[in-house]
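Take a look at this one; I'll ask things after.
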């Protein structure tokens, strides 16, 4: 293999942000016909390396060679015309445009300069069906679809651009297993066609499933480049974190019997909303972790939003123990000690212009009202505490949240909701984009909170995760509750069968 | 220090003052006359005070991603109703009458602010069109109050608001100081400021974080109305008359300009009250300078345009970078602006 | 000229277009009210409001059906209003043009529709004078000249230069341009009279005060203030007083319009000379309308009666002022 | 098949019809084709300017220089034509000036990342100021070409007529519609308004699009200025005072979101017409004093937007 020349070579890349050294002396090679995984903890510099490559940020120092020629890329547009097609970590599409346009904008089919809409819709429909197995109305504006669908569309867009290099920055973070398999089969085919693929993920399984080569970054520094076959899992992890750790094994398996009280916390009866989720019955006990399992678009997010009153339900009702009437608004829900950590971190989570500290205290402050201000000293204490517990990096509470890496933003949002000490915590894809170390940390945290009496509604596309933490699993399919299982019934096989509709 | 958000506005203000100093050395001279200070700088503060006050209110509105075009009309209405009350009351010089007049004017301004807030937060109209309604109709209301005439009042206590002096300084400066203090405390010592910035930056995310964004919007439009009302009192009291048609004409533009020069973005989010204050002073200083150095009225606007552009350019980081890089090297890849972590 | 003939003299043998008012068949021709469409500039000043009132009151008195439309200071709105009048088939159209130019098209349309037009307050610069019947109003240039003339007379013995500051009206507006031009034309005759500063005060008190305040700082030896209207002069007086000077004594003040507040100031000696610009055109307009409908030939120009007032005159005249 | 996103437009059109009907019942002479045609004749320039403004607002910006640019165009046209330049030269020249002016503002906005509001505010001051530099008096045009274009009536059946300007305006509306929906530039504009950052990352020519948008708006303002010159037959520094607000209002009434990314040229067309109808109703009313005129305009505007919102439901502002 050594006689093949890399199509892309980055040497000695440095990138400095105000106060943060994001990349220092990073080398990276990408070979045609290979999938190359870029690994590292949250904030290691993966996304930055990609953005530097595609001209979103300028390079402070270092060179980029494309097909043995040193090139200068000043904008994503340059990158695209140089044959680099990218899916960025956050979905970067235009919510106001139709699905088809989002796939084709900039490359619309035209005749005499006139855009052929019919053809575009047809192409888009075909593409999404063939490549992504997604059958949706492509004429609808993008904002009507969930983040996961948006992510699929972003991938479809990147795939449809004929390029030499394909970059996928955590494309699978909110996809379920089936979608991932689908994506991998496409990637394998492209690989065999000679495309060079850069792939970022925090799922080790996926790394070993698909990639040939691995580059590891830590704290913006280059650790090494390895062939996937030659790097054992445990070594990969220790190289990423910089120390040996037996992560996943450590999660305490507290049996749910000790934790779950008989006391009912929330009881939903015939609860639903037309066009979004069919009436459902759901009970959550105090101290219980209820997992929601289902495929993409099965209605998990929808249900969570209804419970939190982010959307208004139109049938049934929710009874909350000790509640004073129906929940009308999110604010109301928070007052009743419900917290909801949205899957859509970019649009519904972070407040870009505010600092990490302000983002953390926001929900708590909101419940306290305008005048009962949390003192600055207390705010600093809180921020420091959560930065330490969740290992938020850089550990500076005055950093603007928009400048944090994706995974670290997610941790800040978790901190925001944990701080309100809710009775019911709804977590929608809480570990989205979070590295393995932190993921285990968060799972442990959830369990220990439940131990203290908090109830959790846990949604994740990663089935293993749901299985690991849940006391009870509710399976949704086609926006309906199809099954509910407790205790010994819970097994990967059972859940999978229920999801698939067996 | 270069990084501080007030650095460039202050530099511009300094440069303007320096220009005046070079042009007319006695620009800075302040003398004592009849027990109060007298000089161009005092004039700038005095005439600038209504603008500063309106701009303070505007800052908060803009921070919520809104805009209030109706401030000019509210200025006119408040002045008109106050003068009408005084001119119709008996005992023109009674202090109590003045207080009643002020009370009526301010209550009316707050009501108008609430109206704006209702349209924006309650009904959900786009701020620019919601406030445009009051901008158009409000001017009519002001003229309705004055019956299209200029109401002249000769009431000494009333005159004191805008033209009197306290401890040798114009009284209006104290109003500004008080209001600035109130606004700062309200936004920085309570969590209102945090909520405003949060709502302005991401309304949906704020709603899910449990912030009552509608109440926040109501509050800022109400406050903005109040500010405009106070400015209207100062303006009308300064000339002891109320002019429904002309008072506060185009004030909204100057106020928005002041806010933006001060570093607050029209896209909402972070706001800087101190920046706004300096922005308003820049505008007033510029106006006074134009009068002082005798710029012919035909080219006043051209001068103003150039100064506004220069002010914005020096504040623009990309512009400074381009300048510097032109000096140092021949080419420099422009850092693309990326607002969010992608 | 305020008293007028109130006889309701709508003539049955009106011009042919009145027959087109088909929507009121019940009324006999003899009872038919004359419909007058009047497009006002706006309500930018007390002067203008007085003008509007005068038109409205005298139309009521004359028993006309007045269609009043306010253009909010915009010429395009006035043109729209005139089009609407044509559409409504009024008997006579009258308007105070915002500016002099740009009326030909719409006036032709009015002519084509057979509706006579009367101009008030300001002329239009149409070459084709058949487009309108007559013009009732004052002459801004002449007002400027009168102001200048008084100053030239008063200062004819001056040996030293006389420093004049000028507060202009809204930049570019016709009264501002003309009052400035007329004034300059006359004071040219005396080399001692010099305008040392001239700035716009937008016809308002607040601006007048602000600009005057700056003038007083920038120029130490101002002898005369010429303000394009009373409001700016009134604002300037406050600035002068704040500077510890005596308006009317330390600085001679000349202004135009003659609104009531101006007269009050003049009678107190704070304004030395006022050139009147009479807004009460209503009665004259109604007479003209009646004549036009009756088919009489009118002179192309009807001049309004306007006076000039010194402080003493003002004291005498003050009780008679109604606006 | 009725798509949700078209509901606001249909509601707008419906309300326009409603207003017109009410006017027809209330005032004699109101119900005629010519009244509608007069709306076009009297608002041709506003229509043209509003089309340009629609693009700017859809792209997420704003252009305050529109009114001043119109004034500047009338001024330059008038002074050159009166100086003996042929109209065939003057008209392309002013259009070029307008486009260049707009492009310049766009360039400043893009390269130096200054907020559009401020840049175009400076542009507004500058253009207005340049008018006064040319002359503070009005300049009347008596050029044969201009007067004939101004006074030509294009006759329609039944004694109705429109002016040449109306034809120009309708062409611009059509062009705007085509550009918005069938060209890459148009779609890029929508994308830009949806999210500038996403557009950038999707590899769209953000800078070029932005500058073109302002250039187009500048062009439209200049063309509106030309039409305005036909309308007024004069150049004057105080022309079209505050027309940017009329244009913005028309665009917003027509359903375009000021935050960018959503908007319709057809909506803008009706936005202009609705403003025209409000004006006409007030003229026909004929008894309103100056201040009541303003108040009634405000009330009508308020009622219109309220009804528009009521009928088009919550989907009006989409979830973000």
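Each chain gets a letter, A, B, C and D, in the order it is written, and its residues are counted from 1.
Here is the rule we use: contacts are C-beta pairs under 8 Å (C-beta built on N, C-alpha and C of every residue); 3 or more make two chains touch, one makes a residue touch a chain.
Here the structure is a predicted model, which is why all the values come from computation and not from measurement.
Asker: Please work out which of B-D and B-C is bridged by more C-beta pairs in contact, and write that pair.
Answerer: B-D
Asker: Can you compute the centre-to-centre distance for chain B and chain D, using the mean CA position of each chain? Integer Å is fine.
Answerer: 29
Asker: Counting only Cα atoms for the centres, state how far chain B is from chain C in Å.
Answerer: The separation of the two C-alpha centroids amounts to 34 Å.
Asker: Find the geometric centre of each of chain A and chain C from their Cα atoms only, then give the gap between the two centres in Å, rounded to an integer.
Answerer: Whole-Å distance between the two chain centres: 71.
Asker: Taking each chain's centre as its mean C-alpha position, how far apart are chain A and chain B in Å?
Answerer: 44
Asker: Please set out, as single numbers or ranges, the residues of chain D touching at least two other chains.
Answerer: 132, 136, 197, 200-201, 289-291, 293-294, 319-320
Asker: Using the touch rule from the top of the page, what residues of chain B touch 2 or more other chains?
Answerer: 143, 148, 204, 297-298, 300, 334, 336, 338-340, 342 - these are the residues of chain B that touch more than one other chain.
Asker: Quick check: what residues of chain A touch more than one other chain, meaning two or more?
Answerer: 56, 75-76, 88, 92, 347
Asker: What pairs of chains are touching here?
Answerer: Pairs flagged as touching, ordered by label: A-B, A-D, B-C, B-D, C-D.
Asker: Going by the contact rule at the top, pick out the chain B residues touching chain A in the complex.
Answerer: It comes out as residues 189-192, 194-195, 197-198, 201-202, 204-212, 269-270, 333-336, 338-342.
Asker: Enumerate the contact residues on chain D facing chain B in the complex.
Answerer: My answer: residues 108, 111-115, 117-119, 121-126, 128-130, 132-133, 136, 196-197, 200-201, 245, 248-249, 252-253, 257-258, 289-299, 301-302, 305-306, 309, 316-317, 319-320.
Asker: Please give the residue numbers of chain A that touch chain B in the complex, ascending.
Answerer: 47, 51, 55-58, 72, 74-76, 88-90, 92, 308, 310, 329-331, 333-335, 340, 342, 346-354, 358, 362-363, 365-371, 373-374, 402-406, 409, 416
Asker: Residues of chain B touching chain D in their complex?
Answerer: Result: residues 69, 119, 123-130, 132-134, 136-144, 148, 203-204, 244, 253, 256-257, 260-261, 265-267, 297-306, 308-309, 312-313, 315-319, 322, 334, 336-340, 342 of chain B touch chain D.
Asker: Residue numbers of chain A touching chain D in their complex, please.
Answerer: 54, 56, 75-77, 79-81, 86, 88, 92-97, 101, 105-106, 108, 110, 113-115, 139, 141, 143, 157, 347
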